[in-house]
Amino acid sequence: MNAFNEYREMMNDRLLSAENNKIIKRIFNLDTNTYLEGALDVRTKEMLGLVASMVLRCDDCIKYHLQKCHELGVSTEEMMEIFGVANLVGGTIVIPHTRRALEFWEELKSA
Amino acid sequence: MNAFNEYREMMNDRLLSAENNKIIKRIFNLDTNTYLEGALDVRTKEMLGLVASMVLRCDDCIKYHLQKCHELGVSTEEMMEIFGVANLVGGTIVIPHTRRALEFWEELKSA
Amino acid sequence: MNAFNEYREMMNDRLLSAENNKIIKRIFNLDTNTYLEGALDVRTKEMLGLVASMVLRCDDCIKYHLQKCHELGVSTEEMMEIFGVANLVGGTIVIPHTRRALEFWEELKSA
Amino acid sequence: MNAFNEYREMMNDRLLSAENNKIIKRIFNLDTNTYLEGALDVRTKEMLGLVASMVLRCDDCIKYHLQKCHELGVSTEEMMEIFGVANLVGGTIVIPHTRRALEFWEELKSA
Amino acid sequence: MNAFNEYREMMNDRLLSAENNKIIKRIFNLDTNTYLEGALDVRTKEMLGLVASMVLRCDDCIKYHLQKCHELGVSTEEMMEIFGVANLVGGTIVIPHTRRALEFWEELKSA
Amino acid sequence: MNAFNEYREMMNDRLLSAENNKIIKRIFNLDTNTYLEGALDVRTKEMLGLVASMVLRCDDCIKYHLQKCHELGVSTEEMMEIFGVANLVGGTIVIPHTRRALEFWEELKSA
């Protein structure tokens, strides 16, 4: 968990300080804005971001949204239903990502 | 909208009455169960199903979940934020599906 | 079915007679060779091509392999199990393609 | 070609005038900015956008970038090599999109 | 190979004993049923599962089906033709997965 | 970087010396031919290969094309714009691959 966050932050910093990075910077900025409180609350938006990341099978994105969901008080019962939607819609190729997601989630819960 | 629903129902009926269709039948059954009220309410689950369908770019799945979201009282303001998450996470290849989704959504609202 | 085959052949001809099309031509040629009798028989290979096309959700590719499977004597019972694997591995986003596949398959059977 | 452009513009207008569309608007704006002249010229960027759209198999995105490439003087010889890269990297599931792309391209050339 | 199987089993156990896991459990159960002897034999089904996993580029799924194929007596000659179909249909982005698949396959053969 | 190249070469050699590998061999051969100088120069083609690899999220393919781009004198300013197109078209799921791409790119520049 720490290794993941440290690498993520280090490389985000390098992307945000790289030369000629206007587009990347604006995508990062948009990313922040998309998950802000709005007509939908932050919690719902993070669950949306998580299920999208799961069906697209992006482990790093999954970890990021799992952390956010944990901070926002999503319960394990709720999480299991998000896993259910992702595995139903995305198929059994989502299972390996669900294994890693559960491991990370339990790490978050016990931290 | 009607053409979509009629074709969908007709072919679902044919799949459910085809010979040797045990697995397909169980997937259909599971599909129904996944979106039932649980730790998450039906409305949130349908929004999860919609965003998953959008990033995976499945127009028919999008239409189905748009109808469900409409029945469950999702507002246009909320819908636009779901579109936002889908287009951010899935990229501009989701835009053509968002155009068709908005058209279908407005059809639902004015029906 | 006829419209599909005619458009497919017309545009394949245009691709194969276009200028500077060496790579495309070789991909077409490789495509033919990949499905020839080998350690695996043609029937198995066409089933492999079909399931790959289904999970990648390419309707035109699905129709092509359905025709080949039909010519090679794949039964409806066998076809339903291929549909089963595709929907399990690829998830419910494969269902709309399965609806169209069944319609095309039944058209082939009754032709 | 006209039908495609008219529908595209009509629905883009509706998306840009919809309520609560901040994120979508910014994505559209970013889309414009990404393809502006920079360290890479516009022509190269449109070719990059095209190949990305082809391997992700988005027909509407392909048509859009084909128009831009045509306006910017990309030759048929060059286009065939872009098709080659897309079909090599993305596999034969890109072929049906290449058939439609060639048809649209020839329509552009003869317009 | 052992590390892969141990992690896979450990996390599957945790998923199957997690609270509120009805949907996940049923997907696991369906997964088992889909690959049982039917109109198609188990061997063909495992080859279908493998090619689907390869074009969807899921290394863990690939490893699982490679083990099954090995147990069921699929020969290296046959395996190479499955690799051929997967790389043709899915494109050169499947090559890195094919490299890892061959390594795992040779490990299985020499075990 | 060295570990990546060594593993890649070792497994490519094994694929190219495996029994019954005609199709794989021809795909490798086609891969070489697709990126040769033609109507488009090698540099443009490698940029096309890179952006295709990024939106399809294949880290190994990305690394390979980054090396080629580096050898062909693509500047960091240009690279950042390729990253921009990939992240715009492919969405924020491309960001984790962009982090790893930037790290590899900086390694190449400082080597």
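We just call them A, B, C, D, E and F in the order they show up, numbering each chain from 1.
The rule is short, and it goes like this: a contact is a pair of C-beta atoms (placed from the backbone, for glycine too) under 8 Å apart; a residue touches a chain by one contact, two chains touch by 3 or more.
Since this is a predicted model, take the numbers as computed values, not measurements.
Contacts with subunit C and subunit F are shared by A, B, D, E.
Chains making contact with subunit A as well as with subunit D: B, C, E, F.
Same-residue interface: subunit A and subunit B share over half of the residue numbers found at their contact. Within the list D-F, A-D or D-E, C-F finds its counterpart interface, over half of the contact pairs alike by residue number, in A-D. Inter-chain spacing, taken between the CA centroids of subunit B and subunit C, is 26 Å. Look at where the CA atoms of subunit C average out and do the same for subunit E: the two points lie 22 Å apart. The multi-chain contact residues of subunit D, meaning those touching 2 or more other chains, are 20, 22-23, 27, 30-31, 34, 38-39, 53, 55-56, 61, 77, 80-81, 84-85, 87-90, 92-93.
With chains as nodes and touching pairs as edges, the resulting graph is complete, every pair of chains being joined. Across the interface of their complex, subunit A is touched by residues 30-31, 34-35, 38-40, 44-45, 47-49, 51-56, 61, 75, 77-78, 80-82, 84-86, 88-90 of subunit B. For subunit C in complex with subunit F, the touching residues are 20, 22-23, 26-27, 30, 33-34, 38-39. Listed in rising order, the residues of subunit D touching subunit C in the complex are 57, 76-77, 80-81, 83-85, 87-88, 92-93, 95-96, 98-100, 102-103, 106.
Considering their complex, residues 55, 87-94 of subunit A touch subunit C. Put simply, subunit E touches subunit A in their complex at residues 7-8, 11-12, 14-15, 18-24, 27-28, 31, 53, 56, 58-61.
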